[in-house]
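Two complexes are shown next, each including subunit A; its partner changes from subunit B in the first to subunit C in the second.
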Partner chain A sequence: MAQFIQVLILGLALGGVIALMGSGLSLVFGVMRIVNLAHPSLIIAGAYVAYWAFKLWGIDPIVMLPIAALILAGIGVLLYRLMFEQEAKSARYSEMTVLLTFALAMMVEGLLGAFFTNTQRVTSPDYATDAFFISDIFIPKGQLYAGIVSLVIIGGLALFLKYSRMGYAIRATTQNRDAAELLGVNVNLVSVVAFAIGIGLAGAAGALVSFVFSFFPAKQWEWIAMLMSVVVLGGMGSILGTVVAAFSLSVIAAFVGTWVGATWSTMTFFLALFVILLIRPEGLFGEKPEMA
Partner chain B sequence: MAATLQTPDTGAVLAARKAHDEKLAKRADQTRAIWFPVTVLAVLLALPLLQFTGNYNYLLHLVLFTASYVVMAAGWNILGGFAGYVSLGHAVFFAIGGYFSGVLLARFGISTLLTAPLAGLLAAVCGYLIGQITLKVRGPSFIISSIALLMIARILFDHWTFIGGANGLALPINDLPVLWAKLPYYYAFIFMAAFTVWATYRIKHSKLGLGLRALSKDEIKAESAGIDTRFYKVVAFALSAFFVGMAGAVWGEYLTYLRPNIFLIILVSANLVLMCILGGKGTIAGPVVGAVLIVGINELFVATMGASELNLFGTGLVMAVALMFFPLGVVGTLARKGKLPRILNWD
Partner chain C sequence: MTALLEVTNITAGYGDGPAILDGAHLTVVPGKVHCIIGPNGAGKSTLLKAICGMLKIRKGEVVLKGERLNGLRPDQILRKGICFVPQERALFPKMTVRENLRMGGFTLGDARELDRRVDAILDRFPILRERANQHAGTMSGGQQQTLAMARTLIIRPDIVMLDEPSLGLAPKIVQEMFSIMKMMSEEGVTVLLVEQNALMGLKNSDIGVVLDLGRTLIEGPAADVLADPRIQELYLGGRKAA
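Then we have the complex of A and B:
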């Protein structure tokens, strides 16, 4: 029983970070119908920001988080202007856009690899290797803090989407782009803002990831499949779905990792993706996907 | 005075239609220059004669490398170009073919040149089974599922000790002198490339190809026009897996070792996609043009920059620029402008 609770806690602790990693992806898909395969590579870029800030100046990754998010959001606006402005105008999904983000992912990985080499890195603030003990159950501090920060950020995002005027416009655009435009929503501005927030979330997630997982540029392919399974299970475009899916898959992966074997823990995500696509392609909280 | 309606003679109508079709075919033939691919093939077949005058192994390697990518890109084109299902997981079939023939070579000493068609068949069967699952969804979900397929295969191959796990498998080296060691693989790849290009031409102009092109435009309309879209898609997936698997088999022996981090990387899949897009998706000449261009650009990058990471960046950059400015590819763009030179009109 103690082991059961232990594994459950470890799974839940990671779930928050994974939810944050996936939420930006989900937001961008909802507003722009872009499956952003470059999202994980940008998370890794955010992780490098936090890593170097810690390494060079000893700035705590959690303190660095808003800065990493801002830097990445700026990059997001730039990328939007350079690459996705034309595509975003058509509200429909297109194969070309996915390939475009794929090309972007390769470019980011290539650049990061050329500058920082492909060695495994991890930021190591004191709490990253520390843990709380409740009788014989331990809760790793790093993962706990990362999970809490993630949930706070996602909560803030949810409040922003629910109550602010811009959030209202973003939700309207997600539901029906043409109708939103007819009612006077500046869809173009909404797209830029949503894309910037999405990439900014990648930066924020990166800062947390930097001390929760070890990372290197080529790790993005593993994360693409992992995050996609989270986002697809949750339903493309639904933030709530992403959070629920992230926690459930993370807990399942933790149990698989303990009882079946560590290598099969990542496999959980990939197999889950297949099963979801097979049984319920629209995910838990998503609408039926349109036939593009 | 009742005007009698003239009932048209059915035979005459059929004859007229046939004549019309033949006229169209003739006109299509006139825009084509069949001598060009034949000449290129003849030159490539004669190229190893250069070896009598010196060591041209690098040149042979480049041609062989290009030909191997022609096989795979043209195979990918059947699914990605004709049917419009973009797969980023075709490296899986490359690995299946390579490992199947490689294991046969390592255990029983049977040359992969003989087992390559079998490896292709195995890849096709796997493609058929996987296609049954993943082709249920289209659009972004299909692309994602193909990436997941690659990741699953990578984990399986990395931990399967029978085939060497992550360390891979060393294959015996043939005992030909250095000057002629590449020759069997050279001819194998040239032959396979020619066969694949011919096969994609036949597929494009068959009933299957017509159905695939119809469903790539609009799947629901194609379905309601009586095309068994499900079956067509899966067959296209299996066919494209066949060619990729065949190329993987011979490539393994040429490389003399098999390792998951060579066969099962996304860069292999990405190259196939890139070649088809750069050359022209859904055209016959497109993958060939794309393969020549990409191998050329690649060699240039490696020669000037060396680093493999920048190479990755370059690949991504070329892909992004091609997608943003020439989404139809070289052949497609030229054909749309009506400026396609006759030597490249293979459709």
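Then we have the complex of A and C:
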């Protein structure tokens, strides 16, 4: 029983971070129909921001989180203006973004590799290797802090989307872009803001990831499958779905890792993606695609 | 009477495709209900989309209260006082009725004023009050159309343009839609209506406009348009209007 609770706690702690990693991807798809394959590479860029701030100046990655988010959000604005804005009205926009973001992912990986090499890195504040103990059960502080911070950020995002004027505009644009424009929403501005928030979330996730996982530029290929499975299971564009899926898959992966074998843990996400696409492609909270 | 909106010989179409409108004109009189009729492909919906900025105007001009609207985006044209409800009603299915109404006042800066106006609309439309916290996508077609029309009133526009509000609705519900339209007109809102059911549309309007092949054929009092033998023959199947 103790082992069951232990595995459950580890799964839940990681679920929060994975939810944050996926929520930016989901938001960007929901508002702009951009399938951002470069999202994990931008998370890794955020991780490098936190890593170097800690290594050079000793700044805690959680303190560095808002700065990493702002830097990445700024990069997001530039990327949107340069790569996506011109084609936003194209009928094949989503398909085009797959190719564009694939190229972007390669480019970011190349740049990060050129500057920082492919050496595995991890930020190591004291709490990253410490734990709380409750009887026989231990809770790694790093994962717990990262999970809590992730949930606070996602909660803040949910409140922002639910109650703020821009949040209304983002939700409206997600559901019906033309209608939002007819009601006075500047959908171009909303797209830029939502993309910046999405990439800012990647930066925030990167700061947390930097002390939870070891990372290097090519790690993105492992993470994109993991994040796609989370976002597809949740329903593309649904933040709530992403959170539910992240926790579900993370817990399942933790149990698989413990009882089947660590190498099968990551496989859980790939298998989930395959099964979801086969039996419920719209995911848990997504809408069924319209038949042509 | 001075025109509120003047559309002069406009040409417009979708993307780089052929022109759907080719020299259409229209004079919109304040406070009146205008009904645009015509056969399929005449350019009725295209005309509304061109006026509200969803389509680029290639030639001609659209002038509202002396101000040229050519080249403005839909959100900018809305701020000038023209509200458009397209055929598909433009609702947000996963937002509640109240949230949809709040979106109707997105251009209002004052949140308290917006809440007051939303409550006033809910008072006027009890069916919407009953369903204020229900997702719009779960309502019936008639209720959705009521919501779409009521939502336009939040910003107190000069002109409301409705593209086939009766589409897919039962006859009893259609009559309710026309009642709402009449109420709008009585409150001083100018209505520009595209209607496939020419007879019903003209009977409920003050001014009739007939479009064909992207051009304006006839424009005048609805009763005169209804009595025009060409209209009787072409669009009303030779029936005499009662």
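Everything that follows uses one rule, which is that the second predicted complex is superposed on the first by the 283 of 292 C-alpha atoms of A that agree within 3 Å, B and C clash if a C-alpha of one lies under 4 Å from a C-alpha of the other, contacts with A are read in each partner's own complex, and residues count from 1 in each chain.
The criterion applied here is as follows: contacts are C-beta pairs under 8 Å (C-beta built on N, C-alpha and C of every residue); 3 or more make two chains touch, one makes a residue touch a chain.
Just so you know, these numbers come straight off a predicted model, no measurement behind them.
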item: Partner chain(s) touched by A:G110 [first = subunit B, second = subunit C, both, neither]; value: first
item: If touched residues of subunit A are counted for subunit B and for subunit C, the larger one; value: B
item: Contacts of A:A172 with subunit B and subunit C, given as first, second, both or neither; value: second
item: First, second, both or neither for A:F132, with subunit B first and subunit C second; value: neither
item: First, second, both or neither for A:W259, with subunit B first and subunit C second; value: neither
item: First, second, both or neither for A:L182, with subunit B first and subunit C second; value: second
item: First (subunit B), second (subunit C), both or neither touched by A:F4; value: neither
item: Contacts of A:F270 with subunit B and subunit C, given as first, second, both or neither; value: first
item: Shared subunit A surface residues [contacts with subunit B and with subunit C]; value: none
item: Residues on subunit C engaged by subunit A in the complex (per definition of touch); value: 52, 54, 73-75, 78-79, 83-84, 86, 90-95, 99, 102-104, 106-107, 111, 151, 155
item: Of all residues in subunit A, those that touch subunit B in their complex; value: 29, 35, 37, 83, 86, 93, 95-96, 98-100, 102-111, 113-114, 117-118, 217, 221-222, 224-225, 228-229, 232, 236, 263, 266-267, 270-271, 273-274, 277-278, 281, 289, 291-292
item: Residues of subunit A defined as touching subunit C within the complex; value: 165, 168-169, 171-172, 175-176, 178-187
item: Footprint of subunit A on subunit B - complex, ascending; value: 84, 86, 88, 133-134, 136-141, 143-145, 147-152, 155, 158-159, 219-220, 266-267, 270, 273, 277, 307, 309-317, 319-320, 323-324, 327
